[in-house]
């Protein structure tokens, strides 16, 4: 009885989560522009999507910003973790408190705060202001993923390397860095996805001329939904699906190897 | 010994330029009048009828969405906890996947479903039923919020629930507690940290959103987020926008402090 | 034996807490020295100062006559077997062992031979390709040893290396360590809080407490002639009782006079208040009334080879701890006697800190 209830419940939640997405996918192949009439299979909205210069430019912006922001955030964040470890616990707590602000704060506040900052210092809003803003909200995620990797155990391993004659630089490269690597990687990936996904902060910190996928969707939805956005949804969904499946399979392979 | 303080220099610069000064500038603009003098007018502007209405509605809708998410998420987390390892992985995958889709597109999906000429109405018409006006209602906004934020409630709760030692539950049964009693006095108290971070992750974005209300409210229903956004993007009145943001931040901080009271672990489960 | 390591009045504090209070220690070439003490006694800090991971606030560290107080860890001719081993988790067993040789740019053929030799030495032939997480605790322990010795250090520092192992494995490894030390012919400086480990393996035991050295000597000296109540208590189950010298080589405990072998010559003139240590296995059981004193058995435990009993004196003032191979029943009245050479007279400490300072002088 409990089991059946559990199954039914899961199915209901799944339907709730996926039916809207399914509707978008189906409509993306509809010849008609209407959301209520099916006029036959077509790929015309996909064509329209890729012929849109605005969209192609937005995609390029989204990914270049995401990669650069994640890269910068990863470097600054990882260095910060190493720096924080050398500080007095009190100083560290204060800095970590500031570090958490962009993560805990509402995005709209972070967005307008940064916008005001750029206005105050007459920093013309555009690609660079968006990039800077993205690094601001990515760094906390990097720090939170890397920090747990640097612990007593890392200290011990570092000491063991020195004990065996390694210089500090060598010990850092050969022992500490490999220990931190999983944290650094997940910090980078987390930053990348947060950056790609962001709308609100980009919305307030971008200039008039620059769009990411998110801001472009928003402006188009406001004007009126075109089915090319359904095509975009389908592509985004399928991409996410493929990436997540690949990650999961890879994880399974690693698990299997470890089990052996 | 690995650590050197100077490594944190870029980080500190980023904190100052990216967090401290920007937040200070909200405070500065919030207490400054357009002519440049000190004023409380931007703060007290919250008491204007429109603004109070928007704030009240925001709090109400955010609260309703959070409660719905919580009620939907807890059974899901328990089902996940009880599933076998392989199935569990699949279910978590299924819950995470929508989070990877841009939330504007997800919100748009409901617009497509709910619109007058949308999918649900065309099905209703095909079945010979009357059209329903579903868009541009508070209900549509709540639906959008629940849809967008539900995974953020399920995952943290699942995280804490899955860590509850089965022995504790068995011990409770062993000591004579019923299912309900075991749930209310063992499972629920132990899941508080997950509930707290789930509530934080749903309530605050719901309270401050302007996107969902814009897309599913058709610009006719104003939440506090919409008011602030318009001050910045349409009216270019940063002073008023900042003042209202400060008031909104008070609510954010208050809700966080309130939640923190329940959670003694201090928000470690936030991601 | 020539002196290899010398610590001269080492003082070290962390955040206003003094952990080492002027430690003087000498370790001879090829000696097996154990620092023994409860956690927080300063033994690990002492080891870390020798290893070069901490700088003393005061005092000097000498190695082979050379002052190495400020020499960085990676240049010291000592290697450490760390508590919990600190094996590099992302490297194989072979890569772990090769680490110190790769740092020194030794040729790969040499490294290969050395890995083989080291693995053979610790009885783990053919393990070089294994990952660290595939090893049991005991195997990890051996690999940590192998990694520390390939560099041919003159001193091996061992920081509670057996602490994480279960009892049986720990006992096996004790033999193994003694064998290894013999084969390598190097100095071992060993840290433990386990008195049994210290007594079975060491040439010299150094008992530490609260940042002071309490006593150093051979295991026999430490066990048979503890200098104070702390050492006596830490080294094993003991009867530590207040007493008074009533005559030359006669001590009174709880109203009964016992002949002993300490007197004025040893600093215990008649009239002096003292502490007396009597090991539980040194109390002989006789029929009631035939010993020096009588008592009633109030509890009995069988602990493997022998029985451990608590015996209450007839006036109810003291409880004696006894170990005996023969079985006696709870409630039985017995007589007991102690031979004079098994009565260890100690100075009474004024307070624990004071006594420690006294000893240090």
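Just so it is clear, A, B and C label the chains in written order, and each chain counts residues from 1 on its own.
FYI, a contact is a pair of C-beta atoms (placed from the backbone, for glycine too) under 8 Å apart; a residue touches a chain by one contact, two chains touch by 3 or more.
Keep in mind it's a predicted model, so treat the numbers as computed, not measured.
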Per-chain Cα centre nearest the global Cα centre, belonging to chain: A
Chain pair with the higher count of C-beta pairs in contact (A-B, A-C): A-B
Where chain B and chain C are represented by their mean Cα positions, the distance between them in whole Å: 59
Intercentroid distance (Cα basis), chain C paired with chain A, Å: 55
Interchain centroid distance [CA atoms averaged], chain A/chain B, Å: 18
Residues of chain B touching at least two other chains: 1
Where chain C touches two or more other chains at once, by residue number: 53
Residue numbers of chain A (touch at least two other chains): 159, 162, 168
Footprint of chain C on chain A - complex, ascending: 153, 156-157, 159-168, 170-171, 174-175, 178-179, 258
Contact footprint of chain B on chain A as seen in their complex: 6, 9-10, 13-14, 16-18, 20-21, 23-24, 27, 34-37, 76-77, 79-80, 82-87, 95, 98-99, 101-110, 112-117, 119-120, 132-133, 135-136, 139, 141, 143-144, 150, 154-155, 158-159, 162, 168, 172, 176, 193, 197, 199-200, 204, 213-214, 217-218, 221-222, 225, 229-230, 232-233, 236-237, 240-241, 243-244, 248
Of all residues in chain B, those that touch chain A in their complex: 1-12, 14-15, 17-23, 25-26, 29, 72, 75-76, 79, 82, 89, 91, 93-98, 100-106, 108-113, 115, 117-119, 121-122, 125, 147, 150-151, 200, 204-205, 207-211, 214-215, 225, 228-229, 232-233, 238, 241-242, 245, 248-249, 252, 256, 267, 270-271
Complex interface listing, chain C residues touching chain A: 51-53, 72-75, 78-80, 82, 84, 86-90, 99-100, 103-104, 133, 147-148, 151
